[in-house]
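One chain, chain A, links the two complexes that follow: it is found with chain B in the first and with chain C in the second.
For the complex of A and B:
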């Protein structure tokens, strides 16, 4: 039960970042390697607004999301848009460069020590046999709600239909008068907002440190690759699945005989992905729209 | 004949060029974590070193020569520590290096300094492995071999007989873990897990402690940021038992992040050197509050002062400085009175038990070793 709660916490975090990433990959075919840094930027700005500027938590979180959107917009205009039409691998390099610049900027502006948006104790609520804090509950619910909201937009609105059209066949969609350039920008920014939400999540639940970014990016990529490249639902489900697997690995007394040493927690989860890919090379939930 | 003259005058010229170096500044290298998870400690070390150098230079330098600092970022990592040492030794040609901060970077840099006969004096690396790292490798920070004895003594005093250990997979944490397991009575360790660097989610791992019978958890990561998370999640799960940390627990950052949840956490470390002294007042006037702890600045400050004393006595030749340090009379600095043993480890520095109380780290009692 506690393990399940732990997996929900870790999985919600991973799903926020991976969901946006999968969308960007599905629509633009672009790898954004600076995503972890964008997440941290959102988290750090929310931290700054709350702990230094002493704004209320709600305003700080909104501020973090908006700044995440602005940073992602900047990323798109400067490091992605001029390149991705030439070859969709070009942004891979440009966003790595941008991620390094952002790493340096984060260090410079927010310094090297760990930062926590909400410091101090959290009141724990027992649910069944699991202990979970109020903040964690809210974050899990918000994550799932925003993912559901997104699903509704994606499947039940005209905007979502345009989106799906661009995913399925871009030039055909364009010939029907859909402005794909604008859609690309919107999608990219949405992914940044999701990532910033992930960063804020970390800042509230754990703490932010400048070195965290790369491992965030890697985990998100693991989820989208296992989930079927570009399939947003696959990515989200896999993000939760990987989190659950990681928690189960170290938390369960396997066969009543041994524990998996915690040092292998991430390794075993990634091995599991390799296993999936060996059996289903295109991922658990194959995307009909685009293959790499 | 003319050729000979040209050659010899060239030779003379080059000799004078070399000679001029003896009056130029003394190049002192430094390896510390200027970025990365341990960078709060690195910032305090850098301030401490800069303070010592500024004082020496203001007082006329070492035998009339100014000290010039070249600081490199070892990022608390082996590979970066080695790169930093290569640059300092081969490009800058420093006469000595203060550093590294972490044991991993120090151990990686040590062979490079040793081969070039450049003195390395670490103000914070505590791995027992550094004792045997080389003849030119010194430290003014005690080895973990003594610290784990102090921890074992504390556990024996408190009758904590069942110990859980949670260690990061780094040189420092693993060496401490091995040393602690050696010093604890047989069968005392009931839980012994390692995690990868970068982990910040310990809920499932700590959750297993619910069913384990233990008296104390030794939290043994490589940085204060990770310690803060362990303390928070330990409290969130409402686990019983005492949390005991070491050096990386001795940081105000943990109280800032974990708030009142940090209260009651115990730690065994060297004394908070410099606390309440004029050194601290000078430091704060110049740099503001320490980013991690005044002690890091104090050890670094004394490291520079000891090196300067050696340069003053025997010049900057590596061999001469090495011999001087081994036979040095006890030096009394901010951190106490110490000299070096035959392995370059300090003699005379001891450990104390501290605890978090109302958001501050306070000293409880000394843990003298027999």
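For the complex of A and C:
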């Protein structure tokens, strides 16, 4: 039960990041390799506002989200927009460069020490045989609420219909008067806000550390590739599945003989994808695109 | 003089690995972002067996075997995935291998690395190392240059330019990918049989992500696919990287500054070389 609760917590974090990214990939066809660093930036800014500037938690979280949006906008304007129309693979390299720059900046400004947005112990709530903190409950509920809101916007509003039109066929959408350039920018920034929310989630639940960035990025992309690139719901489902597998791997007393060391946990995402690629190279829930 | 010899060793030991990566990424446009994953396999394969058996022959044979397996695995992944998906997955494999090395402490000593790495008997001084590694680098550069200019290089270019057209001309993509990955793997083997010997230490921090970014920067700045250009940019960037050690700054500032500097260089290089890196233009 505790393993399932842990999987729900870790899966919510990964789903938050992977959902936004899957939309970006579906529309723009680009990978943003600086995503983990952008998530951490949002978390670190929230930490700074709360622990150093002594602002309230609510204001700090909003500040973190806004900074995440601004940083992602900067990422789009400098590291993606000048390149992705030229060739959609170029941002993969430029965002790797940006991730290095952000890594350096995070180390310079926030240092290598672990940082936690909330200091002090957390009060635990027993749910069945599992223990979950109040903050974790709130974050799981907020994540699910955000994903449902996102689903409603995507499927039930005029803005969502425009988004889906651009995902299905950008040229046709443009010929119908949809401003795809603006939508590209908006989608990219929304993915950054989700990522920043993920970073704040980590900062509240655990500790922020510069070394987390790449494992966050890889886990999110693992979910996207396994879910079928561009399929938002496939990515979200796979994010939860990977989190569950990670928890099961290190939490189970295998054959009553040994535990797998926690250090191997992040390799689970990799093994998961390799397994899926053996069975279904295009991912579990590949979107069927319109050809005419 | 010692610093100059040190720079020569650093450059020459990196040449085989970088040129192998250039063949894949620069010439073949294959998004292989895990060259240091193959390097980890090579280095640990060679020296764990060498130390256990006290025989370099067995160590190098074991290294060749594991490098071939790792290269074949990457080649299979590259055929199984879209180009960008493979890029991300190859990073994941690299980080996965690093996680194994860091956590399997009973075998690899984890983050401490393996000290007292044995040396070839004829490599006694830094000068010996500089001479030997330069000869190895020169021979390997010539071999790769000949391969690049020969029929295999043309097949690789054809596949990178238009896969369907190349296939219709009878070019076997799986075979070309496998050979290219094996060549890059041999480059990794050559680099990693020398580098830990030079340091007397095999340390996992030498195989981190910043090392990979250095490789990409060298290839992009030197001109993707160009053996001569890559050699030139490797020399210049190595002088820059090693020269930064002399700036009087605390290591906790110098390290991040180095990351920022190489990130900026990579960005500028991609911006200037984008037509060479990916010449295709989007039509829609």
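As a working rule, the second predicted complex is superposed on the first by the 271 of 292 C-alpha atoms of A that agree within 3 Å, B and C clash if a C-alpha of one lies under 4 Å from a C-alpha of the other, contacts with A are read in each partner's own complex, and residues count from 1 in each chain.
Everything that follows uses one rule, which is that a residue touches a chain if its C-beta (ideal position, glycine included) is under 8 Å from a C-beta of that chain, and two chains touch if they have at least 3 such contacts.
For clarity, every value in this text was computed on a predicted model and none was experimentally measured.
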item	value
Fit or clash between chain C and chain B when superposed on chain A	clash
Which superposed partner A:196 touches (first chain B, second chain C, both, neither)	neither
First (chain B), second (chain C), both or neither touched by A:117	neither
Which of chain B and chain C A:107 touches, first, second, both or neither	both
Partner chain(s) touched by A:31 [first = chain B, second = chain C, both, neither]	second
First (chain B), second (chain C), both or neither touched by A:251	first
Chain B versus chain C as contact partner of A:21, first or second or both or neither	neither
Partner chain in contact with A:206 - chain B first, chain C second, else both or neither	first
First, second, both or neither for A:88, with chain B first and chain C second	second
Chain B versus chain C as contact partner of A:147, first or second or both or neither	neither
On chain A, the residue positions that both chain B and chain C contact, one per complex	107, 111-112, 215, 261, 263, 266
Residues of chain C touching chain A in the complex	31, 33, 77, 80-85, 87-89, 91-93, 95-96, 99-100, 102-103, 209-210, 213, 216, 220, 252-253, 255-260, 262-264, 266-267, 270-271, 274, 277-278, 280-282, 284
Chain B to chain A touching residues, read off their complex	35-37, 39-40, 42-43, 169, 193-196, 198-201, 203-205, 207-208, 224-225, 228-229, 232, 235-238, 253, 256-261, 291-292
Residue ranges of chain A in contact with chain C within the complex	30-31, 33, 79, 82-83, 85-90, 92-94, 96-101, 103-105, 107-108, 111-112, 170-171, 214-215, 218, 221-222, 225, 229, 261, 263-264, 266-267, 269-270, 273, 277, 281
Contact footprint of chain B on chain A as seen in their complex	2-3, 6, 9-10, 107, 111-116, 119-122, 124, 131, 133, 202, 206-207, 209-212, 215, 246-248, 250-251, 259, 261-263, 265-266
